[in-house]
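After this come two complexes, each holding subunit A, first together with subunit B and then together with subunit C.
Now for the complex of A and B:
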């Protein structure tokens, strides 16, 4: 889906007094993509999106929408629209009036407005009877749909989302995530979504940008971020992970500096090359770690004590304590449950294709 | 709840209500007494003092003065309060904290002191006190209250509503007309009601600042001190009725606002 960027940011910074909320951000957003910006609270993602829609002014930098510079343009003159975290539905207007609001501002005639509102209610699986409802009569999920319909009525070049699903309960959120992805495909619009939930990002996005302290830590497709994070921060942010401090050795392999990792072969391939004495972080996801039995071998091996077992529904998670006291996580599908008992001494192993070396930045 | 507790609570409630309303009711009795001085029990009733009150040109003048002051104070407080509340609650600006404290300070001043201070100030400026200066005096005390009432309303709605409207293309004026105005309107109406009632019943500020003019409460006091007749309580009761009428008007206005906003969405089809 490579195309000319619809939105381009160059050196965008935002300073609040002494505090730098955004630090020289560069970003290209492509036409029609679903980009999710993920970060913990305080990482600057909300500030960024508010600058992109024009509610907040930037301190420095340039923003292009296609060929036009827009960083000085106020929000009401930008052809973009945002779904707010609080949804910001107008409580004194009906569902229909909310959806028609952007059309009313454009002085579209009432009949066309009504027709478009009906279309959008349909698109968002809301019955026509909702047109006359008051906002306070709608449930949380229904309000999400109304807010989305209103934003689509605006027909923006880019649709921004400021974690609108965060207040919903788990099941409804999961459903709406999928619907949102579906809506993205059907409308073909560019969606930019911010959230602190990586799961949400993984389900919906074409690309994910991980934000930390006002900068992007990594921007890539979901799988890339999951399998090959550029930093410990990204690795830990992307769910449960095992991280080991390692160092290059003279024999061309790696040695664990905290947990005792045994490396089976001297040649691990170029991905694992590390100069002598240079330290890095070795990463392996819990689902890639195997329980080794008998004289099974793996490229990387760790011994430890099985401390606990947690049933997670479709999967089972194990905590294994290595000899230095560090804990490792292992995850198996329910049907591949490990037969050992808590308290057993176990051998864990994984192969080089599941390992990833995070080199010092 | 036990039976005895219910009875005790009911009794307590009755006493509280009696305590609050008995004085007003006794004014009512005094106004319909035929005797020149109030004595209980009332021996002979008469309503002639109401007729006299309505016919009296003095009372008519008082009414006009009091109404002029109260209505002017109401309108100005609503306007000042509306914009004051926006500054108080909606916009982030440098001296907002200072503004929030300073604007409320006049409420804490004893009104007699405030009245005296304003009188001295008018004298210093060479302004001759009249009902117009009383308007200014009332405003000093009442417009902060109006601001506060509207600000509470302004605090209760999500700033994102205005941002969202703006984001969808609304100009500053349209945001005011479509979002801020309608959402603050109930607060503005109740601020207006309060402003009227507070001005209508105000005595200490009027006493210092009306000069040769006189408002209803001032006259009531003056007549109490010398020249009492049942005309005094009759005028008092008439003044209470004015407040009640206004309160009803306010309630009806609120009710119309609500009904209209509901009807407008139903009629939109």
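Now for the complex of A and C:
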């Protein structure tokens, strides 16, 4: 990843009547990176991407592509391209004609066009025989590839994706996610992808931007977002997670304000420092929580009742009810399954290196 | 089960199907047979000959056919150009205002075509609404705008406006917005979007609208009579004359058959080229 931003957004806002879809967005997108914008529906991510390709106009703000301001440029004059959620393939054109469409607009000669289309079919693992197929003869996954090939034929500076995989079944989606990542590496282009699935984002992206109500909540590499979310919202968006309300104490450690957490040592390191009386959220992932036996110890400990056990394939998930009624999730690999029975009283523990303190913003 | 449903459906449709079949085809059949009867007979029980067809090709009736089709073609083209922007607005831009236009256009159909054309005669004639006002205010005068070919074409455009407009609206409404946006995103200018996306994807509407207005205009008579005076004689006029003043039913029948053949083959050709389901039922193949 080079440091020079290829696209820079400054104070980009979009207002629909009373509703603020985008609220003063700043963002740098770096040349060659795979950036994924993740957010629940209604968070403004689709509006943002439509503004970036020029289909939608912004209400306020500036967009630079390298050194040129582009926010006033209509979509057809921007060197960017988007793969639509609906794919928006042209139903009256064949696969080949769809792929060649941007080249035809540039009046490239038919032989060069055909050659480029064949190359792209190859790149996307579609047989050459697809060239003459009609769009309605293609399956969902094949259409996906055709849409991608068409966008690549345009040879955009930045390729945008508006949740193109959301309509596909699980297995096909998983395959295409990996293929997309490979494609990103092979083409070296800048990809900006939006999705509501963080899991999808984790597989593909260099950086992830989490969006909420028209603003970015956190922009960071996938690991950082996974391990150190800046807010409850981001932490919960990451899937199953255990969150506890805690407060700083005079002795320099933490105390649980809802679930009764026992803290073993007084010195948890600088990451867990909290001023007296200040509340924060302590986060631990289900897979980092251990079942403690005998006189085992851990930095943080909670007691509770084993309520349920679910087989998730390669892993097993346990629900443990703490004494105040809150539920905790614990996950173990199948081969490390816990030997206890549902209804047993259990002790859970985790160490400070697996914990993360979400401080109040 | 499904087969039984199908049988019941066919059986219950049979009576009205028969009625329609007979009431449409029987008159056609009579006309077809009359067209090969000798001149000026009023019975189908004569030895057939093709004298009427011969007459058509020797007595200048071809000229009337050409005028009819020529003016129909011109009015259809003009209608397409005039209606497209409005239809596009109604399908994609206006929202509520589109309904207002729809009602406004439909309301004009409440008044008989002949009366509306007379309105235009009063407007365009010498001493009429336009020339009269011009003379009263400025003293300038002109010969009125009636009795020429352009005014007939204008009349056809005016009379068949709704028949082009509404199918076009339907056709354009079926063009997906994201296909237009994707085309723009891939670098297409407005003109290229029109040519590459709008036009082919709204083809069913264009074909239906063009066929309707062309067929109606080719068989129209009131415009050429009222607005055009006797400048040109259109084919429908010739047919009427043959049946009435001419008292020559076989000639009228032969002219009708030629008109029907040409229009029929054009319609079949046009309809075969587009997927009508898109417009009529919204089903996609």
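General observations
The rule we apply is simple: the second predicted complex is superposed on the first by the 360 of 361 C-alpha atoms of A that agree within 3 Å, B and C clash if a C-alpha of one lies under 4 Å from a C-alpha of the other, contacts with A are read in each partner's own complex, and residues count from 1 in each chain.
Going forward, a contact is a pair of C-beta atoms (placed from the backbone, for glycine too) under 8 Å apart; a residue touches a chain by one contact, two chains touch by 3 or more.
Just so you know, these numbers come straight off a predicted model, no measurement behind them.
After alignment on the shared subunit A, the placement of subunit B and subunit C results in a clash. Look at A:136: by the touch rule set out above, it reaches subunit C but stays clear of subunit B. With both structures placed on the common chain, the touch criterion links A:102 to subunit B and to subunit C. When both complexes are overlaid on chain A, the residue A:114 reaches subunit B alone and has no touch with subunit C.
In the superposed pair of complexes, A:30 makes contact with neither subunit B nor subunit C. When the two structures are aligned on the shared chain, A:94 is found in touch with subunit B, with no touch to subunit C. With both structures placed on the common chain, the touch criterion links A:319 to neither subunit B nor subunit C. Once the two complexes are overlaid on chain A, the subunit A residues touched by subunit B in the first and by subunit C in the second are 53-55, 74-77, 80-82, 84, 86, 88, 90-92, 101-102, 105-106, 150, 154. For subunit C in complex with subunit A, the residues that touch the partner chain are 176, 178-179, 181-189, 192, 196-197, 200-201, 284-285. Listed in rising order, the residues of subunit A touching subunit B in the complex are 53-55, 74-78, 80-82, 84-86, 88, 90-94, 96-97, 101-102, 105-106, 110, 114, 131-132, 134, 150, 154. Across the interface of their complex, subunit C is touched by residues 53-55, 74-77, 80-82, 84, 86, 88-92, 101-102, 104-106, 136, 150-151, 154 of subunit A. Subunit B meets subunit A in the complex at residues 157-158, 160-161, 163-171, 174, 178-179, 182-183, 261-262, 264-266, 268-269.
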